[in-house]
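Here chain A shows up in two complexes: once beside chain B, once beside chain C.
Presenting the complex of A and B:
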């Protein structure tokens, strides 16, 4: 769980943050907070699928499920368990 | 269901919300032809005021050029006012095909198809050439019309950080399994005025077998030594698979746009692009005007050369005065103010000084990136630019921002 959470956080920081001073936490709203637009979710989905060798069904890849690092981690956990 | 009071109240509330957010847009009425000097009524009902236009896309000063106006008149007389048809029923005249040939030659592509606007070209092209087996990878700052076209297409969509080539390469590797891949960028970015790294993008696209799409609306006619566009400037003329551009900016500024590129892709648009199939043909009067514009530009580079000189003069003047500018060398020169309200106040004060320049702020640009976007034209003379500089300096002094850094302006006015 910790490993997933940190990997997701690291990916989000590298992939989406443009300003080096910007900081986010496990609970920062990514999509509703305007950090990740719904278009850019696709790379996060593909990253998770490749890294954890899973397939995330479209109906589960909702903006709500992808809104925080914690919710994304829970989704990956649910699919891998 | 009628438009009852409950429904009306709902819309009134939404419109009030837009006003409360400070993003309600109001038109300024221009009582003259488009040019460096225009006559404006603003706010509505106020007396007319002669001002210098510093925010038109009239880069080459051709919007009201007498030769273009005459050619449009001739087209009106010989080919009529309208065609009352889409292209493929009975809306294609000889001059439409002539314009497609001339644009193809000017842009150095294999073929061209006209659209009612570049917005329509961007809305139609992706859906016409891609399917759900494919992927579109776009720069994060591409124009809104491209975003709309991407939304209408079933292919997967991903983005890369603005002009970040190593990030783009990672995305090309991530999506290597897709059937077709298209990298999508603006040639010149409309809000920042910077230029895409098309030379590096062409190299990456060749390495990974990916198609390259460029919207060159803010470049066609004046970027590059002979004004062919960003691909000429970057030394990759003839190597762009798909170029979209507009006739509504430098090329006379009336309306219309096109997709130019590989002939099979253009033919796919002719067969499948919905804005082409279901929207009216470009009016003969506009086609005739654009044909003349291309003649003028093919005969001489005088206008784009003058634009280049004007741009250098304007950038130097603003820089020496102590304004914070976005780096670049295009005629889009953003004066950075960061605070939205400050950009609105400065725009208003400039108008009082006889200078028409608009403030841009969120959501048109990112939060904390408010600015006045100035746009230079070959229609400007040095006396226009000097007067505009004097006004900018006077207003800049009033708000005490001259010589101040980004951080200092933010500390004074916050974001």
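Presenting the complex of A and C:
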């Protein structure tokens, strides 16, 4: 769980955070907070699928499920368990 | 009673001078959009009226009266003048939807400089190509976007000033960077706006075509006349309205109807600069008692997807009038909005080049869900045959949408590209590039694009631009980019990719290519799907046949393949 959480956070910071000074946490809203837009959400989904060798069904890839690092982690955990 | 009253009556003896009179403008006189949207409203006795209610990330909130807007836009103008900017120079506004974008836009126009708003999610290459084409002298941006500017500044010699509106002093400024704080900057005494005339250039919006680089659509200050009247008659804004246009001013809706239309009428508007969520949007409407809501089909379909329950949690009874723009609004969305909001979203049709609404469903008109409605008074619209370019008389026959040139907000040219501009006119008609038909009651019905341009979430993406960028990725040998159907965005970008030798077609490479395009161009242009192929269908002369790949994605007939040299 911790590994997933840290990997997702690191990926979001690396790929989507434009402001170098901005700090985000596991609970920072990503989609509703404007850090990851709806188009870019597809690349985040693809990252999770490639890294964890899973397939995330479209109905589970909702903006709510992708809104924080914690909610993304829970989704990956649910699919992998 | 709606502002337009009877559509039929308005068609009789229509003249754009109706708007000119209401704006107090006479032919040949000075007309400056920046002044009309701020100083004039103050002179009409509304200086203390709220112009902008803004909410941003992390609970940020600000409000401005029309007098605040007047003073701050004057500050912008004075500051830009102090940098040596002069009439008809280009200044890019590269910001999120923060108040500085809205007010700065007016400040730029006030000094006769051409405003070049660009979507802040654009990547380095998209930004550079557009600045390069316009030879933009200055860019107004935020701390969070300055790194993109820094990455292109060495190859942008004409860019003399990078203006940062939210500098916090934590990191040193670099070459050509300067700060501007619209709150702290001293109010200029005796500020005089530049006496622009009807044909003085005002705004340069960039749009994508099938081939070539993005085109800078040049508008003039006289566009105000169309934008004012369409706002009044279609969006039906009234004195006590609280208006919310969800569009970003990086695109034409965000300036024509997110700044110019409402503020030239002295209307209060709201802006929310946070990401999309149904809950946040409904909360915003409820909190600010939004009465008129102008949004886009992609957003409406996303709200539909979020379900009806979340709507019921909020009191949205303030909503009086709804309209939509960006791509055709499907009938289901119109019916759904009537069910959950008690009123339908009225579809409006226009594009960057037209500058203002052309075809639309009017308040009070019988709505046919899924239809584009009828022409705005003063607009001569028809459907022409795709070969003869003569108007089609037959009801229901598909052809090209065509407009008789001459309305006030029509583009005046493409920046440095008069040849392409002229190619948009045939047989005396302006052709926006969309296919449609007219039914027995005179309503227009959208059918599709005539070219390969991809309309994703209401924004046009050039397949050529994406293919060119893909070629810069080390793994890509060749590619073809087409539209793929999408439930929410209508269309999304799909890329067929041939790899160079030594690269493995796997998920990680797909992700790598997607991110490469996202950062280089924009999230909109990022392929939502990449399909690896061994060959691409081409004509005998070697041109990629996108239409075959497009047909495959849409489950359509492939059609004539007689020129095909090498199919998959």
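By our rule, the second predicted complex is superposed on the first by the 81 of 81 C-alpha atoms of A that agree within 3 Å, B and C clash if a C-alpha of one lies under 4 Å from a C-alpha of the other, contacts with A are read in each partner's own complex, and residues count from 1 in each chain.
Simple rule for what comes next: contacts are C-beta pairs under 8 Å (C-beta built on N, C-alpha and C of every residue); 3 or more make two chains touch, one makes a residue touch a chain.
Here the structure is a predicted model, which is why all the values come from computation and not from measurement.
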Simultaneous placement of chain C and chain B on chain A, clash or fit: clash
Which of chain B and chain C A:22 touches, first, second, both or neither: second
Partner chain in contact with A:63 - chain B first, chain C second, else both or neither: second
Which superposed partner A:33 touches (first chain B, second chain C, both, neither): second
Chain A residues touched by each partner, larger count belonging to chain B or chain C: C
Partner chain in contact with A:49 - chain B first, chain C second, else both or neither: second
Residue range of chain C overlapping chain B upon superposition on chain A, of 8-16, 368-376 or 512-520: 512-520
Intersection of the chain A residues that touch chain B with those that touch chain C: 18, 37, 39-40, 42-43, 46-47, 50
List of chain A residues in touch with chain C within their complex: 15, 18-22, 29-40, 42-43, 46-47, 49-50, 63-64, 67
Residue ranges of chain A touching chain B (in the complex, touch as defined): 18, 37, 39-40, 42-43, 46-47, 50
Touch list for chain C against partner chain A, complex: 57, 96, 121, 143-145, 147-148, 170-171, 273-277, 279-280, 302, 456-457, 488-489, 492, 506-508, 510-511, 514-515, 518, 523-524, 526, 528
Footprint of chain A on chain B - complex, ascending: 140, 147, 150, 156-159, 161-162, 171, 174-175
